[in-house]
Structures are given as C-alpha cells and as structure tokens.
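Two complexes come next, and they have one chain in common, subunit A, joined by subunit B in the first and subunit C in the second.
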Partner chain A sequence: MAGPVSFFFEVLFSGLLAGVMYSLVALGFVLIYKASGVFNFAQGAMVFFAALTFVSLVERGVNFWLAMAITLAVMILLGILTERVVLRPLINQPPITLFMATIGLTFFLEGLSQGIWGAQPHGLDIGIRDEPMEWLADRTGMFLSQFDLFASGIAAVLVTVLALFFQRTRIGRALRAVADDHQAALAVGIPLKHIWAIVWAVAGFVALVAGLLWGARTGVQYALTFVALKALPVLILGGFESIAGAIVGGLIIGASEKLAEVYLGPYVGGGIESWFPYVLALAFLLFRPEGLFGEKHIDRV
Partner chain B sequence: MSAVITPQPAVQAYLTVNNVEVIYDHVILVLKGVSLQVQKGQIVALLGANGAGKTTTLKAISNLLRAERGEVTKGSIEFDGRRVDQLTPNELVRLGVCQVMEGRHCFQHLTVEENLLTGAFTRSVGRAELRRDLELVYEYFPRLKERRGSLAGYTSGGEQQMTAIGRALMAHPKMILLDEPSMGLAPQLVEEIFGIVKSLNEKEGVSILLAEQNTNIALRFADYGYILENGRVVMDGAAASLAQNEDVKEFYLGLSAGGRKSFRDTKFYRRRKRWLS
Partner chain C sequence: MRPSKYLAAGVALAAALVAGGALAQAKEQFVPANGYWVGPYAPGGSGFFGGMLDYFLLLNERDGGINGVKLTWEKCETEYNNARGVECYERSKNKGPTGATVVHPLSTGITYSLIDKASADKIPLISMGYGRTDAADGRVFPYVFPLITTYWSQNTAKIKFIGMREGGMDKLKGKKIVNLYHDSAYGKETIPVLDVQAKKYGFQVTHIPVPHPGNEQQSQWLQIRQIRPDWVILRGWGVMNPTAIKAAQRVGFPRNKMLGVWWSGAEEDVIPAGDAAKGYIAAGFNLPGTSFPVVQGILKEVYGKGKGEMEDRSRIGSIYYTRGLVAGIVTAEAIRTAQERFGKGKPITGEQMRWGIENLNIDEKRLKELGAVGLMQPLKVSCMDHEGGGAVKFLQWDGAKWNVITDWIASDQSIVRPMIEESAAKYAKEKGITPRDCKS
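Right after this comes the complex of A and B.
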C-alpha cells in the first residue's frame, strides 16, 4: 500500500495536523483583534507564560488538573489586569499605540515568567505520546502522530465552542459589536471595560491550551514565544477577524510548508519549511490583503 | 416676543441640564453654560448650526464625552429627579436614557437583527421577550424586517438610521437622545423617520431630545425648541412660536422676513441675541 500516493497523503495530513497547532496560537490573536482591533503582540508571551506556569506547578507536585485550574485562574487574572493597567488608560488612542503597549506587555511577561519560574527549559508530558499510530499505519501505510490528532481534536472543540460563543450569546454579540464600533457600543450600554477583560481572559485560556500542546511537543522554553511568529502568516492568510480563517489559514500554512519541504525542498537544498509560509503570506498581502475570511472594509460612498 | 428664557417651572422637569460647561482636551471650551429642560413625554428640539454644540450637549447628557477627551467642568444634569452626570453610559442606559448617535453608528458587520439585539444588552431577559421586542421594532420599521438578515453595513442610509433608532428602542428607553437623524437622507425619508419618531413618542411615551440642523422639520415635530449658538442657548420657546419668530425664520428657516434687508439689522439681531443669552 505504501507508495508515492500514500506518501503524499501522509505529508499532507501531517502538514494539516501541524497547521492546527498554528491555528491554536492564531486563535488568540483573532479573539483580541476582533473585540478591540488590537494586534496583541504579547500572545506568544502569553502562550509561554501559561505553559511555564503550568509545568512549574506540575513539577512542584501539584496535581495535573489542579495545576490547569490554577493556571487558568492566573491567565484570567492576567487578562483582567491587562485591561485595567494597560488598556484602560489608553482608551481612544490610535491602534499603533495599543500595539506598542502589547509589545511592552510581551517583554514584561517574558521577564516575569522567567523571573518567577527560572529560565531553564522544561519537559512537559500531558500523557499523549508523539508517535505514529500503528493501526493507522497498518491499514493505510500512513504514519501520523497520535499527538497531532489529539491536538486537532482539542482545536476542533475549542473552535466550535468559541464560534458558538461569538455567534449565539449575548456577550459574544457584544464582543463583535465592540469590535465594530466602540462609541456605538458604549452608547447602547455595553461596558467596554468588562468586555475587554472578558476577551483577554478568553485569549488567556486559548493561550493556555496552545501552551500545553506546544509545550508538550517542543518542551517549555523561551523559544515558545516564537510560535507567535508562525501564527502571523496564518492570520494574513485567514484574515485577522475570522475564527474560521485562523483554522483554514493554519491548515493551509501547515500543509503547504510540509509539501513544499518534501517536494520542492530537494531542488533548492531544503529548509523551505521555515520560510515558505512567509512567502505565501506575502503573496496574499499583494492579492487579497484582507485574507480569505477577513472582514472586508465596508465603505459607503 | 416669544424668545424669553422660561423661568424654572414649579414641577420638576424630566431632564434638566443646568448651566453645563464642557471642555475638550482641557483647553477647548465648547459649551459655555447650557441650560435646558425636557418635560416628560415631550419632543424637544435642539437647533443650531454646525459646531454650535448640539452633539456635545447630547453627549454630555449620555456621558459619552469622556471617550472623546471631553469633560463636563461645570453645571449639573438631572434625570427623573436624580443627578446623572457621574453615571457611566451603561448605568444611564439602564436608567432609560439612550443616545442614537449622529451618523447612525450601526455595527456594520452585524446583521440588522443582531444590531437590534445588542440594544437589549443591558436587559437580562429571556428569548421570548427579546422576540416580542424585536416584533415591536419591526412594527414601527417594517423595512427592517425585510432586511433583518443583511449586514447593517450593506443597508441604505435610511435603513441604518432606522436600525440605530430601533436598537435604542430595544433598551426600553424612557428618553432617547436623537442626534441628527436627517443627516444625509432624502427629504421623503426624513419625513418618514420623523413620523415614526413622533408615533414612538406618542404611543410608547418616550421623551425625545432631538438635535437637528434641519430646523424646519424639527420644529414641525417638536413641542419645544432651543437654539444653540457658539455653545450657548440663545433662544428658546414653544416650537410653534419659534417657527413664527422672524429671526428664526430668517436665519434658520431661510425665509426672508419682510422688513429687514440691510446688514445693520443683522448685526442688531446678533447683538440682541447676545443680550438674551
């Protein structure tokens, strides 16, 4: 059964599954961008912070689920504090100011987490091993990691929940309203402060999930903050405002970088994987700057 | 002469704006002591040219100024016998004071119906009641029912204005601060919207403070009017008498008054107005 075709599918699927991991990080960006129009540079640092906090708690003998709960509480608190200390004083400032503030937040978080927990890398075991599934390999000849499948499952659940939250609930609707027009949202009585605190808390939760999965895969170390950079082309492809976009963008980036590595790599000496997504993103910026699912800017004339 | 400042009535007005001064960015003085009153169930028009301070007055009441670096530095605002100048917009909406902002400000990427639903944000009510409220809004604005599923950003200016008013209605307001509903709309549509506002006022008992540049139509639908110039109230009176006033006719309604042709008379008018304020 193993042949060039099944090899192609193996590459494709493992790429798609790796892409889901990018999507997880991209989701955090989308949430905050949707609700406040801020590109949160600190999302990577939040992922790192969450993972490091969790792993350090576990290493100190805290029960897995308890550690998860504590970390979640910390992330929610962080979200509320960010609104209080960083965003509230900057209300009605141009987006670039807020963006700069999130860069500041990045350095703060990186320093804080390493200051508290130390800078040495940690291994993280969440009980799912990163190895091919034998039954799948036996039947189809494809070697796919069960960890990847697990991660996609988590991502699928997360996305469904978030999509329902945004589309169907009162708070979700308010979040989208705030993203569209701060002033009008205030005028209908939506308290911006609470909304932002909520959205940062949710983004903190997403960062925790991404942090656990990425941490389990690559180990918890400073380099984890750089996964945010991989989320960037995902966002450009999918559109900054769209949860669906973050997923599809992640899948496309994941699949295309793996396929490019395998099929184009040999001709240019390999290493394509690390830069191919950015080339793709560049092409999108030229031809479809709002991304696949991004909101078109509605202009009335 | 109808242009006299009415003395404080014995009965407490529904909304009382008392000598309010607003400063933007700590330096720009926009309102220089505006006082006005709205009685329960009234439509009161706030008239004046661009930059006279109409919008600022409304935003001072709804407390949306702070988001624009504006600040009420003097005076007081009372609604229903209670000081409201320190309340957040959220608390004000809960009290029943809702602003429909100039330029509609619909949520462009939400559907018309979702826009309406955001209006009910402050009321924690069940689905059935929301449904009923939506139907009420659709009764007043049948056009919105047809467009309920479209993104608000893709609807016409008139439909957006209706959406904005409908959205405010969803909050069960006691008073709507309606800013420039006629802006950029065809005369016929303006007529239609004012008609609906009037029937909202009569049937739902919503008091309305209306800022308008279109003096003509505003005075036709309002009970009482205030004219603002340079951040001051320069004239006020019952709508009907304002509409008959020679100065108002000449400067705001574009009807030339018989006797006054020369520029000197104009200056006289300006001077006189200053006295009145």
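Right after this comes the complex of A and C.
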C-alpha cells in the first residue's frame, strides 16, 4: 500500500492529469473567445456532436481514420454554417447578443445530434488502455493511468500548434485583431467572415479531440455536454483569451480540486469537487479579475 | 319539413352524437406516459416507456384491450425534471373518460413532488423500484406504490448476496464496504439501511458521494484505493455508472467486487465502459431477454403489424425495456383487478385503480398465463404492504450480455419493515395524516 507521502503525490499527479482533460475542453472556448470576444455556450454541445458523429460512423463499419476525417469535415462544415447562419447577421452586435445566439446553437446541436444518431450511449475504444502503469506502480506505489499520459501528450501538441498558429501566422494575428474590435478589423481589410469560419472550424477540431478523449473515458453520451462545466473555472482562472492560461488553469483546478476532495472532503461530507473549483476561481477573481494570463483591459471613461 | 321538425331532428342527431361519443369514450382507459425521450437520461426513459407502451399495444391488438376497454395514452416529455414532471402530471390528470388512471413518474424527484398532489386528486402513483421507500406503508401513503422492491429491501438483499459470496453472514464481520453514491436524494436514500446493517453484521461501511453528473471520479477512487474495501456498492445514475466502472479499472479494483443498484445495471451503464465492465455485478427486479412468451407476443402482434415504440429493435428485451414491460403488466393487471370489482368492460377511475393495485395478486400461475415467468417475481400487494415483492436477482455482465447468477434473494424485512414504519409514522405526524386502519 502506498504511504501517505506517496499517496499525496498520487493525488496531486492524478489531479494534474485530470486538469489536462479540463484544459482540452477549455481550449475550444478560448479559441472562439479570442476571435470574437464571445463566450461560446455551445462548446459542450460541439464536443458531444463531434464524438457522437465519430462513434456512430465507426459503429457503422467506417474505418477509424476515415471516420475521423469525415467528422472533421462535418465540424468544419458546422463552423462555416455557424458563421453564415448565426454569426454573420450579428456582426458588430454586443457580445451578449452573440452569447445568446450560442445558447440557441447549443439546443440546436443537442437536438440535431440525438435526432440523427439517437440518444443511446456508446462505448468508444481509441486503443489506449485506461489502466495503471505497472512499472510505475511497482517502483513508486502510485497508480497513474497511461491514458492520462496519452491525453497530456495530445494536449501538449494541441497547445503548441495553436500557440504557433496564433502568434506566428497572419491568420492568427488577424484573429486577435478581430477579437479586439470587429469594426476596426473590418476597416483595415481583415476578412471577418473567413476568420470566423476558420476559428469555428478549429474549435470544432478541438471539440472532436476533447470528445474522443472524454468519450473514451465516460462513453459517448449526452452527458458529454456537461464537460463544459469543468472548463468554466479553468477559464476564469486562466483567462478567457490565453491558450497557455487554459492549460495552467486546468492544472491548478485539477490538482486543487482532487487534493481538496481527498483531504478536506471527508470533514465536510464529501462531494465538494463540483463547487470547489468555482470557489477557487471566484477567490482568484478578487485579485486578478482578468485571470492569470488574460489581457488587461483599460477603458477610458 | 317544418322548422320545428328540423330542430327536433337536429337535437336528436346531436343527442345521438353525444351519446355515441360517450359510448366510444367509455371504452377507453387513459394512462399517461409522462417520461423522457431526450436528454441525459433518455436511454432509461425511452426503454422503460417503450416496454410499457408496447405491452399496452399488445393488449389492444391481441385482446382488444382489457375486457374490451382499450388502453390509451399520451406522451409528455419530463426530461427527468421535477418542474416538468409536475406540469405533465397537471396536463394529463383530466384526460380520458375517467382522467389519469395511474402515473409512473420514473423519477424519484418527480415522485416526491407528486405525492401530495396525486393523493389529493385520487390518482395512484406507481414508483417501481424507485421513489420514497417508506411509502411501502400503505396506511400512511394510500395512493403511492413503491412496488416490487424498494431501495432498502434491495440493499438488504445486496448485503445477503455479499454474505453468500463471502461464505456466510458471519463472515461479514470486519469486512470493508464502500457505498459510492450519487450525491442526491436518490443516492442518499440507502445510507440509513446500510448503517443499520453494518452495526448488525459488524462490517465497516464508508459512504463516498460523487457530485452530479459523476463524469470525473478520480478522487473518489483514490480514496477507495486507500480504504482497500472488500466490496464497492455502486449507487449511480446515468454517466456516473460507466465512469465508475472505468475508474475502478484505473485503480485496479476488481469489477466482480462491484455491486450496482438496478439503476446502475442496464446495458446502457456497461456498454460505454467497454471491456472494463466485464465481471461487474448489478441487482435487478426484472430480467432481460426476448425469449419470454410475452416478448415474443409483442414481436408478433405489435411489430409484426408494423407498430411498436422502439425505433431500435435491438433494444427490445434490454433491461430498461423489460422493466417497462413489467410496469405495463402491473398496470394492466391492476386495471383488470379493479374491473372485476367495479364492473368488467368499464373504464375505472383513479380511486378504483388504487383499490386494484392494493388488491393485486400476480402469482406464478398468473405469470404463466401472461407469458412472464422468470421476467418478474410474483407480486402480492396489500393495504399494509405497498411493496409486494421485495426479492432481488443478481446479474453479471460478461462483456456482451447480462447473465443471471442467483435465484431470487429475499430481502430482510426484519430490518426494513420497522424502518419503513418508523419513517412513515414520522411523515404522518409531520403532515397531520391519520394512518388508515388496514384491518377494517
């Protein structure tokens, strides 16, 4: 049996790895927020829609990679359609209007997913066993899953690629300009419509990755939409505009909620990890309202 | 014709239409289908109501209803939400020639919300395998029927099962059991009965809550690994179930030492967990399968005629489906019982249905006639006992299907009944209810 010190580190590492899973969902929110200044309420529904489409195709005999490609194409199409039907008519409207539109999009996507593929849960095997790594358990007494390490690797690749995309490409810089001011961006010739379609498509891709990893763990079912709840405190903590913030926020939230549940939970009846991250994030807001890596806004009055 | 003759003819025609309409109406029995077909709990709702309504369709198609009274229904989507459940109830209670006959809320929360209303409206509630356990005391809850097996009864059967696996109830002494529960009223319902049994048999029980929705359980399972229990009782719902099974695999806890409640024991709870679910055990009060004559009858008489509720036919015979089938059988048999008392071939009222449920007696002979031997246990309800059965079978998932691994295991009523009566008496006192005298 693991000793108390080894157990502490097991809880800590498990929390950090769980945090990476939250970050994967949070990334999708950050992308949309960076490009349009909108909190995309539909990100959870997109995760569900992507994973359900993928798993339904695989169950119908479509090859794994082909199913991935088709789902990606569907998510890109969804991004383009979202821009054309939902966002384009709302250019230059206040963020709250766009936010409300994404709420509508959520209900539409949830209904569409279940309408096309049904409401039954599905198992999803992506070929990575969710079992403790024996060599680590033998040497340290800590049970850490190889699936978690795989998810961390995926997250690291995603973050690197996205960070490079935003910092080093013209489209990335254009995205940041659009987020600052729609009208000003349009005035200097940035093609807002294209930019939005691209960013929604990229967010769709991130939703697919998050959906596959979460779906492999919990099964692909409606409850995947709830993973968005796990991303919110991560965003508050890390900042809505920062990809690095989504990762660091996820790690802090994951580690602290697990440590709190294991070490404080038993004294207060347990089950505290559903609200603990929100309390932590709120406390954090008192000191840094823009989050850890968020951009400071100075408004003239 | 003179104008007065026109008038007379018109009146006669109107009277005939009204009478004809009333006659046509009089041959119908309305049972609301207030359930859920979308949202996170849709698999449970669609399977359950699929089974129940398919059974009604069978009776209508094959027998022309119950003694000539056709069963009718209307679906109302509750989304497993209390407020919507109440709204659906209000919308459905006055439909049909005699109003709603009986309501199956299929949610512990909605059942709690409806107890006062339904009792005042004289519409019985059947909460089969869920709802308020102490409602089994029919003296205090005349209109509520937690039929077949309550959570507390089931829990004593579970401890008996663990005792059997350990080599006797005396072997439970010193054993460690973790109760991993959904952090809700439903999840907490069995904490008292487990504590009583822990004291009686000398085992140690640790209650660990999982916050809703339960799609992340790493910290709970790390605690479980620290405790190193002999058994884990899983009291989950929805996504919490496959997540728990997967998390057990992640910390190396054997799945054949995990014992689920029947809301953690459907195909939908194990299939998403994949291989991790192999060996996992769950309780059940209805058994899966399509070989029962009643299911064969549905396939022939209902689906054979292009009717039926299940879009995905592979779900016919699944756990949720046969649970709904049992609900359909219980409902129809209670209507039949009530008709025998209040008039064959006539629709009954909610009040008469209450009598029908309370005097329900589905014995082995009747189960055979219904083609449901082995599908469910015999059921005998009374004024004192609104549960009526109490036994549980255990099923084990082999990666592809559920296999029955025990006979019916009776619950321990010496533990459960005093707790039910104590809790019901407390409720009666709070609400100012004078319990009925069941002897009269």
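Please note the rule applied: the second predicted complex is superposed on the first by the 296 of 301 C-alpha atoms of A that agree within 3 Å, B and C clash if a C-alpha of one lies under 4 Å from a C-alpha of the other, contacts with A are read in each partner's own complex, and residues count from 1 in each chain.
As a convention for this text, a contact is a pair of C-beta atoms (placed from the backbone, for glycine too) under 8 Å apart; a residue touches a chain by one contact, two chains touch by 3 or more.
It should be emphasised that the depicted structure is a prediction, and the values quoted were computed from it without experimental measurement.
Asker: Overlaying the two complexes on subunit A, which is it for subunit B and subunit C: clash or fit?
Answerer: In the superposition, subunit B and subunit C stay clear of each other.
Asker: Could you say whether A:83 touches subunit B, subunit C, both of them, or neither, answering first, second, both or neither?
Answerer: After superposing on A, A:83 lies clear of both subunit B and subunit C.
Asker: Touching A:173 in the superposition: subunit B (first), subunit C (second), both, neither?
Answerer: So A:173 only meets subunit B here.
Asker: According to the stated criteria, A:91 is in contact with first (subunit B), second (subunit C), both, or neither; which is it?
Answerer: First partner only, subunit B.
Asker: Per the contact definition in the header, classify A:191: touching subunit B only (first), subunit C only (second), both, or neither.
Answerer: Only subunit B is touched by A:191; subunit C is not.
Asker: More residues of subunit A are touched by which chain, subunit B or subunit C?
Answerer: Counting residues of subunit A touched by each partner, the higher count goes to C.
Asker: Quote the smallest CA-to-CA distance from subunit B to subunit C in the superposed model, rounded to whole Å.
Answerer: Minimum C-alpha separation, subunit B to subunit C: 36 Å.
Asker: What residues of subunit C sit close enough to touch subunit A in their complex?
Answerer: 37-40, 42-43, 46, 183, 207-213, 215-216, 218-220, 222-223, 225-226, 228, 238-239, 242-243, 246, 249-252, 268, 271-276, 311-312, 315
Asker: Name, in rising order, each residue of subunit B that touches subunit A in their complex.
Answerer: 62, 64, 67-69, 88-90, 92-94, 98-101, 105-110, 114-115, 117-119, 121-122, 151, 153-154, 157, 167-168, 171
Asker: Could you list, by residue number, the parts of subunit A that touch subunit C in their complex?
Answerer: 1-2, 7, 10-11, 14-15, 18, 21, 111, 114, 118-125, 130-132, 137, 143, 145, 147, 214, 217-227, 230, 257-258, 261-262, 265-266, 269-275
Asker: In their complex, what parts of subunit A are in touch with subunit B?
Answerer: Those in contact with subunit B are residues 91-92, 170, 173-174, 176-177, 179-191, 241, 295, 298, 300.
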